[in-house]
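Shared between the two complexes below is chain A, which pairs with chain B and chain C, respectively.
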Partner chain A sequence: MLAVTPIIEITAGQKSFGSMQVLHDIDLAITPGEIVTLLGPSGCGKTTLMRLIAGFEDMSGGGLRIDGRDMKGIAPEHRPVNMVFQRYALFPHLDVFENVAFGLKVKGLRGGELRERVQRMLKIVQLDNLANRYIDELSGGQCQRVALARALVNEPKVLLLDEPLAALDLKIRQLMLEEMKRIHAETKATFVYVTHDQDEAMILSDRIVLMDRGRIVQVDRPEVMYAHPRTLFAAKFLGETNLFEGRIVGEGPEGLVVHTEGGVTFTVRAEAPSRGPEVVVSIRPESFSFDPATGDGRHSVSGRVEDIVFTGSRSFYTVALQNQRRIRVQVQRSAKHRMPARGAEVALFWDHDDVAVLPIN
Partner chain B sequence: MLSAGKRMGVVLATPAVFYLLVFFVAPGLLLFVYSFWTSVAFRIVPDFVLSNYIGSLTSPLFLRVTLNAITIGLSTAAIVLVLAIPVAYYLVYVAKSKLILYAILITWFSSYLVRIYAWRTLLGTNGLINTVLINLGVIDEPVKAFLFSAFAVAITLVHIYLPFAILLIVSTFSEIKQDLIDAARDLGTSFLGGFFRVIAPNAVNGLLGAFMLTFILVAGDYVTPQMLGGASGQTTGLLIADQFRKTGNWPLGAAEAFLMFLVSLAVYFGMLWLCRMTGISVKRRPLEKRRAVR
Partner chain C sequence: MILLRIVVFAIMAFLLAPIVIIILFSFHATPALTFPFTGFSWRWYAQVFTDSQLGAALVESMKIAFWTALLTLVLGTGASLAWLRLKRRGRAVIEILGITPIALPGLFLGVALLVLFAQLGISLSTVTIVIAHVLLTLPILLVAMKARLTLFDPSLEEAARDLGASQRQTFARVTLPLIAPTLISCAILALAISFDEFVLTSFVAGTETTLPMYIWSMMRRTVTPLINAISTLALLFSILVLVVAAVVGRMRRAAAVADRTKS
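Our next item is the complex of A and B:
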């Protein structure tokens, strides 16, 4: 891993619009062939970061190298990257073939080679039978494929995707995510994918770059970021979680002991955050169980089932503790266990490996 | 029975359609009929002759003046378009502000005639331009050719019609998203390449509209040529106006007006052909007539 030169390397990246700084101290290295998502709420700077890479915006400070080459002063048309735009930005005056051929034609490609490369790309995105359609004659999902093909046919070192699925409905989005993975495997390009949707990020990414208010908060593999968020923001943004404010009261052989406002005591196998004993404990709804066998045998808390939402394979329980503190619990449907009914007194169990302790903001 | 939508359309359009029928289509047809009549001693007589058309087309004066009108029209429209496009581009994609557009439209608060007189003052022998050039030592005596020339007509008409063109082109560019320009750059075009490959083809109707509006208004204008044109700046509009006002030969004036109409049509189709040839305008074929394989 370390021997590979990063395809994109940003060091101390800054960006300001007028007096407003939108990106602070961005350090990021992307490995060739990776799918990296820039994930964060709107206004976190993820799109700006992508536009800096594409060359539509100039950096206010810091350095950007693509494929080892310094990009300072290099116009977008001279960068080895191509972009898929949020609302596709397909050319309405051209048909599908001409849209996909656009970049190659600009580079001076003509005749048989042009035709061949465009046709091959249209096959990859499964649009070879729609080559003579105009953009307004296509569905949203088909437009999305044209946008992908138009960018990928240029064989960019890096493909930038700006919320490419935001305009599609849920079902097509699922399909397109799988398509995207397949196309990535076929083209072997590096994908940098901007999204505010945590599900898309987790399904697609090799690594997630989580951003908040112009800074990179955490860079990790999806499963690591989900299990071990390093900040309160990361815990809340990725998936659902139960948060308990508390105080570290000691350190035993099993880990840190945290007393929380809910009256629940957690032990956490983790390093204590550097900023004082005040902490937040995070535990995912699916880490709780009604079955004593699935816990670590040492931790439990009792309460009463207040509400149940059944969604098919899973059920979401709201359990109220004695002091009215509510806990969200997610359980898989199972034929073996009888699930508690509304109003039932229950005990919740968990494993202390599933507990994360986070610095309070 | 009409659908609700169509009934609504009829209700909304009727006043304007009625107005145009009565005050534009009917007089236009009347004028067309006149163009086949004859004029005898300042009175027009119903007839069916082609002499008004044939006479015009064989008259050296008419041909010279019409050629003049076409030249002034084309050059003014071209200058207006070349000046308006960068301004519209700046307003839509860079400044993104309506304020500057409103400022440009303020020029309409000064009347057309006032502006013609203003240009007379500027271009005259004792005018601003001559005075400055003499004081700078560029010329020894006033240049008379500034005033009463095709140049004077063109510069004044550019001044008058530029805001119209800017307004039209701004509204056309507003329909074309910034994303398309970014996409073109991303796919390797330069700034100008992006304009010709992406903006111009999608704005071609608006650009052609602005060009033709300017051309028609300029080629048909008879006030500016009269005040600023001198002998070399005469246009067909003035000639036609004279047939109605001075010589009282309405049939000849009507025929000349229709010939001018044909000229405008010819210019329009000529421009359209030019856009097709250069690939700026693309005609979309119906789906079943498109090539499936290439």
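Our next item is the complex of A and C:
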């Protein structure tokens, strides 16, 4: 990692619109060839950050280097990046071929080489049979492919994607995600992908950059961020979780001991957050189990099954503890174990490696 | 369904009947403009091409219409581009200032212009007529462009820049082609408005005679199918322009597509 020069490097990036600061102290290095997702709720600054990289907005402070070059004062047309816009921004007065050829034509490419490169790209996105169609004759998924092809044909060092799947329905979204991975593997470009959808981010990304209110909250691989969120925001934004407010009461050989409001005691193998003993403990629904063998053998809590939602491969249980505190539990369907019924008294087990302790906000 | 068809045909007939009548009587052998149709003749067409006064008025009107359309187009395109880049308040200013001239009756506008030109010491000529006409056509273009431009997606210009186009290339390859259809139809409308403008023109024409003014003075004496012949020729000219534009467009597109399959 250290030996590779980052393709994008932002240091102390700031952005304000008038008196409103929308990006604070952005430090980010992106490695060539990786898929990085800028993830966060709407208004967190992820789109602004992307527009800074594309050159549509100027930074109010800090530095941006792309491929080692300082981008200060460099117009969008001179940056080695291309963008796939949220609603595609395809040119309605041009057909598919001309849309894809646009970037090459303005660079002065003509004749056989132009035709060849456009056609090769159309083949990659599987649109070679629709080259003569106009944009209003295409479906949403096809428009998406044209937008990808139009950007990628220029062989950008970095492809920026601004919520490219937001306008598609769920089924096509799944297909396009796989398609995107395939195209990424084929083109070997660096992808910077903006989304507010955690599923898209987890499916696609090598690394997720989680943003909240203009700041980067955490940068990690999806599985690491899911298992070890570093803030309450990260734990809540990525996936479902059970949160217990509590207090660190000591540190044993197994880790921190936390007493929580539910009367449940957790031990956590983690560093104590720096901000005092008040903490929040996060544990994912799938980390609970009714089977003593899957826990660490030392932790359990008992309760009564209140509700069951069966979705096929998985079931979601709501278990109420003695003090009426409710816990969400997700279990995989299994032929080996009998699952508890509604109203049953159960014991829940977990492994302390699956528990995260977070600073209270 | 049958009723619907009848209604559609009735509307078409209502719209097209005057045109058919005009064309029919332009070939009338006698000066009468009413039925019965008594005989076929080219005499009115011949008169169009031989009447030198009429010819002069026609040329004058065409000249004025051409300059009016051109000026409207240039000013209107500029205003449209400004409108695209302005915030809400700036847009409102352009809209209000731009539309005011057609809110006034032509009569008052004519008097006002006449006084203004006199105050400034500008003698009445073709130039003053063109200025007066632009005053009428520019607001119409602005209204039409506003309707078109509210649908204009500004990210199209960003996309062009992102793909490596300079500001000039973006204008030439994206912005202009997208607003061109509206601009062209506005220009044609400007041509038509200018060509038959009468009220305003009569105030600022000075010694010039435009076609509507000539026809007006002619009609005070007699009404003949000469007017029908002129109308028919104008109609023919419009159709010709449209057909040529369509054919050229089709040929260019076919050539572009054929070019791709070559290798």
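Miscellaneous remarks
As a convention for this text, the second predicted complex is superposed on the first by the 361 of 361 C-alpha atoms of A that agree within 3 Å, B and C clash if a C-alpha of one lies under 4 Å from a C-alpha of the other, contacts with A are read in each partner's own complex, and residues count from 1 in each chain.
Here, a residue touches a chain if its C-beta (ideal position, glycine included) is under 8 Å from a C-beta of that chain, and two chains touch if they have at least 3 such contacts.
Here the structure is a predicted model, which means the values were calculated and not measured.
Bringing the complexes onto one copy of chain A puts chain B in a clash with chain C. Applying the stated contact rule after C-alpha superposition, one finds that A:I8 touches neither chain B nor chain C. By the document's definition of touching, both partners, chain B and chain C, reach A:F97.
In the superposed model, A:L148 makes contact with neither chain B nor chain C.
In the superposed model, A:G112 lies in contact with chain C only, and not with chain B. Using the contact criterion defined above for the overlaid structures, shared-chain residue A:E137 touches chain B, although it does not reach chain C. Shared interface residues of chain A, touching chain B in one complex and chain C in the other, are 54-56, 75-77, 81-83, 85-87, 89-93, 97, 102-103, 106-107, 115, 131-132, 150-151, 154. Chain C meets chain A in the complex at residues 153, 155-156, 158-166, 169, 173-174, 177-178, 256-257, 259-260, 262-263. Note for the complex: chain B touches chain A at residues 177, 179-180, 182-190, 193, 197-198, 201-202, 282, 284, 287, 290-292, 294. Interface residues of chain A, counted against chain B in their complex, comprise 54-56, 75-77, 81-83, 85-87, 89-95, 97, 102-103, 106-107, 115, 131-134, 137, 150-151, 154. For chain A in complex with chain C, the residues that touch the partner chain are 54-56, 75-78, 81-83, 85-87, 89-93, 97-98, 102-103, 106-107, 112, 115-116, 119, 131-132, 150-151, 154.
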